[in-house]
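Two complexes come next, and they have one chain in common, chain A, joined by chain B in the first and chain C in the second.
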Partner chain A sequence: MTVVIGFEGSANKIGIGIIRDGEVLSNPRRTYITPPGQGFMPSDTARHHRAVILTVLKEALEQAGLKPADIDCVAYTKGPGMGAPLVTVALVARTVAQLWGKPLLGVNHCIGHIEMGRLITKANNPTVLYVSGGNTQVIAYSERRYRIFGETIDIAVGNCLDRFARVIKISNDPSPGYNIEQMAKKGSQYVELPYTVKGMDVSFSGILSYIEEAANKMLSSGQCTAEDLCFSLQETVFSMLVEITERAMAHCGSQEVLIVGGVGCNLRLQEMMGVMCQERGAKLFATDERFCIDNGAMIAQAGWEMFRSGQVTELEDSWITQRYRTDEVEVTWRD
Partner chain B sequence: METDGETNQESGKLEFSLDVPFPSAREASIALRSLSPDREPRKGGITKHLTVAGSTLSVRWSADEARILRVSVNSFLDHLKLVLETMEMFGPPVDL
Partner chain C sequence: MAVPEFLQTAELLKQGAEARVYRAEFLGKPAIVKERFPKRYRHPTLDEKLTHRRTTQEVRSILRCRRAGICAPVVYFVDYTSHCIFLEEIIGSSTVRDHIASAQQSDSGTEQKLQQLAERVGQILARMHDEDVIHGDLTTSNMLLRHSQKDGEPELVLIDFGLSYISALPEDKGVDLYVLEKAFLSTHPNTEALFEKLLKSYAASSKKSSAVIKKLDEVRLRGRKRSMVG
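Take a look at the complex of A and B:
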């Protein structure tokens, strides 16, 4: 049996999870929630993480019913993400690894999402849509790499949604994306927005600028409601994501789609992707908010795979990195 | 904990030093190895050097500007505090 503890804190969530051979033993998490209209800044987010990380660690061990001696490896997020929050989490991971005399393992955050999605859904070799506040990528596995087939050329889809939420002062509790999703259900009028698919890539910054201006004009003149804008924004950006995912599937001859990342728990995105999959005779895999949204277990799971294939990270090499592409990692645990 | 700060007359650089006592040499070394891997976020204008002698962790800064020095020292103190709290809650270190 191999038990891995995973530390995640690359953005506004801090989570610590423990995995024993594919079984999630515990996965507590805290979210730094800012007031409506405000994003989360690196130093404030790091302060939040510093204040709660040791309590979360205690919870993770207690809920799993384990002692430090039962753990085989300490995994943490090496990147990508915000520098200050990443350092906070890495510091605690390095310290407990040394106190407990356990090996340390730096994990790519994106790989964590993919491996957690594969574990929970049992998808075998899916085309992966990874959509969150910081990342938007279409990924397929080939020859020991998770290869990026398409991605955003500017901001992430979740960043576009979050920043739109700030413009019209939608609450960040539990998350701006969740609240947009609920409001979108009440939208009835489709406001046409730019549709910006560029080959296999997508762009969201122009859509954001356009809808920011539209919001200011159309809401004050009563031409549409905030709910209409939420609906229109979701329909537009999700259509773009479904389009590039379908094209990647056609390229790879793949019959499986796995959606991971925080935006992946949006049920409207899952529904639209499901329609496309049904038309192609393909299968859709998705997870709920426990595993889609950043969490510690996903780092533990990727760490488990890496550790079992013989990888460890020496302390000297355990620096964090804000940029760390999915295809930089050699996948030593798959054929 | 001891601190000292001055302007080096020869190089014109601002220097700051910090000595932190630990219960044992082992714990001082753990703190050193936890706090060392990450580079200073800013390229140039500041250097930070960590060493351990016995059970004391020593840090020496040398910077061009007070503003940069203050940011680095503040951030180091936040990190040090977190490492100390982690040791308190999840230590002492196991026998190797």
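Take a look at the complex of A and C:
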């Protein structure tokens, strides 16, 4: 049996999870929530993580019913992400690894999402749509790499949603995306927005500028409601995502789709992807907010795979990096 | 006869991400019919707008290319109700993708031929961009080589203008090349030098290439070094 503990804190979530051979023993998490109209700044986020990380660690061990001696390896997020929060979490991981005398393992955050999705859904070799606040990628595995077939050429889809939420002052609790999703259910009027697909790539910055410019005007003139805007924004950006996923599937001849990342728990996105899959005779795999949104178990799971394939990170190599592409990692645990 | 009934008798070649492609005969000529069927995952208003826009853009770009002497299929007929385009079938052709793949497998004497082909592609794309046509989905599968009856060089034919549009912006042209670069290098491993050749020839053939290549460098940087949080 191999037990791995994973530390994640690359953005505004801090999570610590413990995995034992594919079983999630514990996965507690805290979110740094900012007031409406504000995003989260790196230094404030790091301060939040510093304040709660030891409590979360204690919870993770207690819920799993394990002692430090039972752990085989300490995995942490090496990147990509925000510098200050990453440093905070890596420092704690490094410290406990030395206190407990356990090997360390630096994990690519995106790979964590993919491996967690594969574990939970049992998808074998899916085309992966990875959508979150910082990432928008269509990924498929080939020859020891998760290769990026399509991606955003500017901002991530989650970033577009978050910033739209700030414009019309939607609450960040529990997350702006969740609140947009709930409001969109009450919207009915479809407002046309820019739609930008370039081959298998997408662009969201034009949509954001357009809606930033138009939103308050349209709302104050009574042309449409905030709910209508949420609805139209979701319909537009999700259509783009489903379209590039379908293009990648056609390109690779794939019949499975896995959605991961924070935006991936949006049920409307899952529903649209499901319709596309049905029409192609393909299968959709998705998870809920426990595993879609950043969490510690996903780092533990990717760490588990890496550890079992013989990898460890020496102390002097246990740095972090803000920029770390999914296709930089050699996948040593898959054929 | 209405178009949907006509299609029932046609031979379905493939269902891509975007459309169904049929082979049929149109007024005695061998034709390809591209049918953009409704995508049920999209909002009906958005679907109708996109489908109509893309059908229009596709036809417009093909005509613009043909007027500029760039080979593209002849448009025989367009039906905007069922969103079908009837196109000339490019007889006796193979994709550039298959051509490169088979040339890479056979070892001798193909190197120079491939370089000539890359140069040819660069020239054609330069001419297309000088006409302000942005293809939008450049891949080696969307370029055909038509082998003429004579022994001459095969003709390069551009197809699938479904995501195309008209723009004079260097940014749009740069992204067009960036899309091709990614598709080219992921489909054909170890062809960096060949693609470099293509770009050189593009730069030499287009009047406005320096701004476009500069944008291409910018877009590449955006892709590779973009900070990725979350």
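Operating definition for what follows: the second predicted complex is superposed on the first by the 335 of 335 C-alpha atoms of A that agree within 3 Å, B and C clash if a C-alpha of one lies under 4 Å from a C-alpha of the other, contacts with A are read in each partner's own complex, and residues count from 1 in each chain.
The definition used in the following text is that a contact is a pair of C-beta atoms (placed from the backbone, for glycine too) under 8 Å apart; a residue touches a chain by one contact, two chains touch by 3 or more.
Since the structure is predicted, the reported quantities are computational estimates derived from the model, not experimental observations.
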First (chain B), second (chain C), both or neither touched by A:Val4: neither
First (chain B), second (chain C), both or neither touched by A:Met249: second
Which superposed partner A:Arg50 touches (first chain B, second chain C, both, neither): first
Partner chain(s) touched by A:Leu129 [first = chain B, second = chain C, both, neither]: neither
Chain B versus chain C as contact partner of A:Thr88, first or second or both or neither: first
Comparison of chain B and chain C by chain A residues contacted: C
Which superposed partner A:Asp294 touches (first chain B, second chain C, both, neither): second
Which of chain B and chain C A:Leu105 touches, first, second, both or neither: neither
Complex interface listing, chain C residues touching chain A: 15-18, 39-43, 45-46, 49-50, 136-139, 163, 175-176, 178-179, 182-183, 186, 219, 222-230
Touching residues on chain A, where the partner in the complex is chain C: 10-11, 80-82, 109-110, 132-135, 147, 149, 151, 153-154, 156, 158, 190, 192, 195, 197-201, 235-236, 239, 242-243, 246-247, 249-250, 261-262, 272-273, 275-276, 279-280, 294, 322-325
Partner chain B, residues of chain A touching it in the complex: 46-47, 50, 53-54, 57-58, 68-69, 83, 87-88, 90-92, 94-96, 98-101, 315-320
Chain B - residues contacting chain A, complex: 30-31, 33-39, 41, 78-79, 81-83, 85-87, 89-94, 96
